[in-house]
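One structure is given below, represented as structure tokens, and several questions about it will come after.
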């Protein structure tokens, strides 16, 4: 599902910036015969942190991911790198969380059906029953986990168990209208993506379209971000907007907004799944 | 400078919505021989307020603006209308306020030079000397009115006098970096336009690009709005955004932002000058 | 499915422009008690043609659509109007034509499932079997009408029969990869919508993404237009584009293009179904 | 004027793709102490060509540009590179060609005045006198070179002489309404930028807004491209579009189009001046 769809290894790393990082990494990859299909770098001037992502043709690297991990480690250590390498032929395991609205779910499942999003979806979890049938059509298990307002903890324990059982690499809140408990956001830090239906930081919290309508803005937006303990405040992956005017009611804004939400979520999820996003403090580097 | 550039009269009105407003107004215009070049309506469902703008070919209306005012008044009264009519052949008088940055000024003066913006600019007022020469090239009077932080009142009294002398229909803050006193905003209510360098309501106040950079947003924006006593909170006329990424420093955001700022301000000013904007509470109806 | 979702009557008309049209129409509507929720006009300067669309609250018009038709006719005749009135409570009958690609189909059926697109879909017709199961999930009849290259006529006769049987108000080619015969385009003139996967008039005909790639354009686009006898040359309803760069292969352009295609088709279909589109020569007036 | 405004050397190269290019180049740069501020790569899958651009902090490279040229040559030769290195502290010499319309000129000169575009403009050449005064305000020499339709050759000889005298690195056609002779396009191949007022390949040639109006498109655009012997067919650097509707006359499209034209030209010129554009056949790689 990458720009180049041949089986590849994705190497992504960050470390304090200094002379010679690219040289050392490229030298190492070349020494193993590695053919680099795509390469992206970023030097953050403010923090002095360096970020890098290499997509390497798998067939050119006989040592494979495991061999790479072992042989690259000394170099990584010498540069104090945080790094990982992944194999695009091993689909990531993505659990979707939904409530009643299905536009993001429908969009993501379409991308999954036509293999644009080449992942495994071990299950969909919802606090409502509404979308069971549509999920069932895709032969994906659907778990109904109601979240009663007065006693939410057991529900989230159940959800944590389901995620563990599903061996989820990544959790996508596709318009899931519940705030996750801090424990869960910590356990899956940097791996839970949410779509918020406003152009953050404007209109965080509940009912953003109503707030946008009240303020009389001329554009509405959506934000895909990582979920952290603080509501709607996590690192932003992608955003987009759509024009509205005085004739648009809140209902009309919601309708138009759905199209932005699903586009932005799909892009954000894609970037994440391709290891194009690197978190840095409360910001992201996105090698799109 | 309208879509239809023939001399026209612009009738704009608002009143409580009810059956028959358009019929009555159109009937009246037709009875005077008036040829309607463009007509726009809006019914605000929430407030029950109705808005209308008609552009009437001047040559088709022998009674002229004055005759229209007199003859239309009884009808207007019977519908409790707030209304006005203007003649596109009488250029509006627009005073520009600037500080040191000249991108909005340069853009507006270019539109004025090539007659895209067909107004009179009786003068430019600035709290700095920097832009005197460029304004002088256009043969427009330039007034330097410094605003010392510890004693701003005399400066604003001077400015009020200059505006009065200029018989300003409209004041445009083309990146004027001073907060206007409440008295002035009241006197020119609905006639002072500002360009704020963020996508409001995000990042109101000072240094919005720094705040946007800190938050790690993926789009920056600009907002053209009417100035009210409360800073950056007036009715929004237009907004737009531009994509940024992790590689963009604050300086780079400022550079990119300048292009959005000048576009949004030019559009907002154009809408205002063509009587396309109607204020309603803290929101606008913009018949673009 | 209109901006205002209350049951309404949509009056749309065109006629030679002259003084008094709006007055006469509005007067007539008001005289019947009609409450106008939304009204749009356009005077085409070049051709001297006038266009108008009124959305009237159904409950305010006791004469109903039939009564309106009868009583309005003399007025319509006196202005030489081409006109129609429709009732938003009577869903239009829309037949979808597809081949193998399902992004537009999936998007439209989602909008139908969640009642954003409030129509009846009597059937889906395809020259391939691939999408039968997905359509069946929606409990919509699916007809497989193969179109053998060497003998296409019987297929199109069969299709014409299916459309007649379905009493189709409108036919949507949701990435249907066959050129329709002239007879069919004539019979359903102004009622067949296609989505072409380029920004027309660039790259008409087959394989537009390959052509766009070859030319090295920096934006790709999609065009929703009415189908006429001449391929890809009918009146354009809507268009949009998406940015691409040197790193995007043809496959990548196709992936990005799918998102533009489905958005543009959905918008075009919506405009058409709400009687917002009026055809005028080979161009459209779209009261969006 | 780069993202990073510190004095830097820009190394740009292309060569047949193979394993080890990045490693060899990065190793070389690092061995000289070079600090890479920004680095971009592209592997063209179709042609097997590799492209690379490195921005190196000047103060980190004691050998300087001349030393670099000498020492890097053997490596460049071994990879069959086409390459160059430039010093951002040496402003490029840009000659502007204009006719009567001044929106692009005004925009570019503003960017030059405020040092956003850090170049030398040895002169402006025009086939009309209209813009002399505005250019003179900037203290830039203005040459009036009329191009009589029946005898254009002497004019272009004069222009060639002026360009030679100006030691032009780059020529920008800022709405210059004359077709350049083939000889000139060859002499300055890859160094003459034009802004065409349509979204190419649609509406090439004269009067594109009229053609766009006739076809009834819903977006108008502009294209910045390198000038080649074949009119409007050179490698595209950047494009953008703006929405229009049925209410927009040709004059209105021209007005809206001016804003797209100046934005696209400014971006294209910026990319070119920062050595971000690499030509490859009739396409460009743009490391934006």
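Letters A, B, C and D mark the chains in the order given here, with residues in each chain numbered from 1 onward.
Just so we're on the same page, a residue touches a chain if its C-beta (ideal position, glycine included) is under 8 Å from a C-beta of that chain, and two chains touch if they have at least 3 such contacts.
Please read these numbers as outputs of a predicted model, since none were measured by experiment.
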Going by the contact rule set out at the top, which chains touch both subunit B and subunit C?
A, D
Per mean C-alpha coordinates, the chain lying farthest from subunit B is A
Have a look at B-D versus C-D and report the one with more C-beta pairs in contact.
C-D
Copies subunit A and subunit B touch; is their interface built from the same residue numbers (over half shared) or different ones?
same
Chain centres from averaged Cα atoms put subunit B and subunit D apart, in whole Å, by 36
Rounded to the nearest Å, the gap between Cα centres of subunit C and subunit D is 41
What are the residue numbers in subunit C that touch two or more other chains?
4, 38, 45, 247, 249
Parts of subunit C lying in touch with subunit D, wherever the complex brings them together:
42, 44-46, 199-203, 215-219, 221, 235-241, 245-247, 249, 282-286, 288
Residue positions on subunit B within touch of subunit D in the complex are 3-5, 38, 102-103, 106-107, 110, 113-114, 116, 134, 137, 247-249, 251-252, 255, 258-259, 263, 266
Where on subunit C does subunit B make contact in their complex?
4, 19-20, 22-24, 26-27, 29-31, 33-41, 43, 45, 60
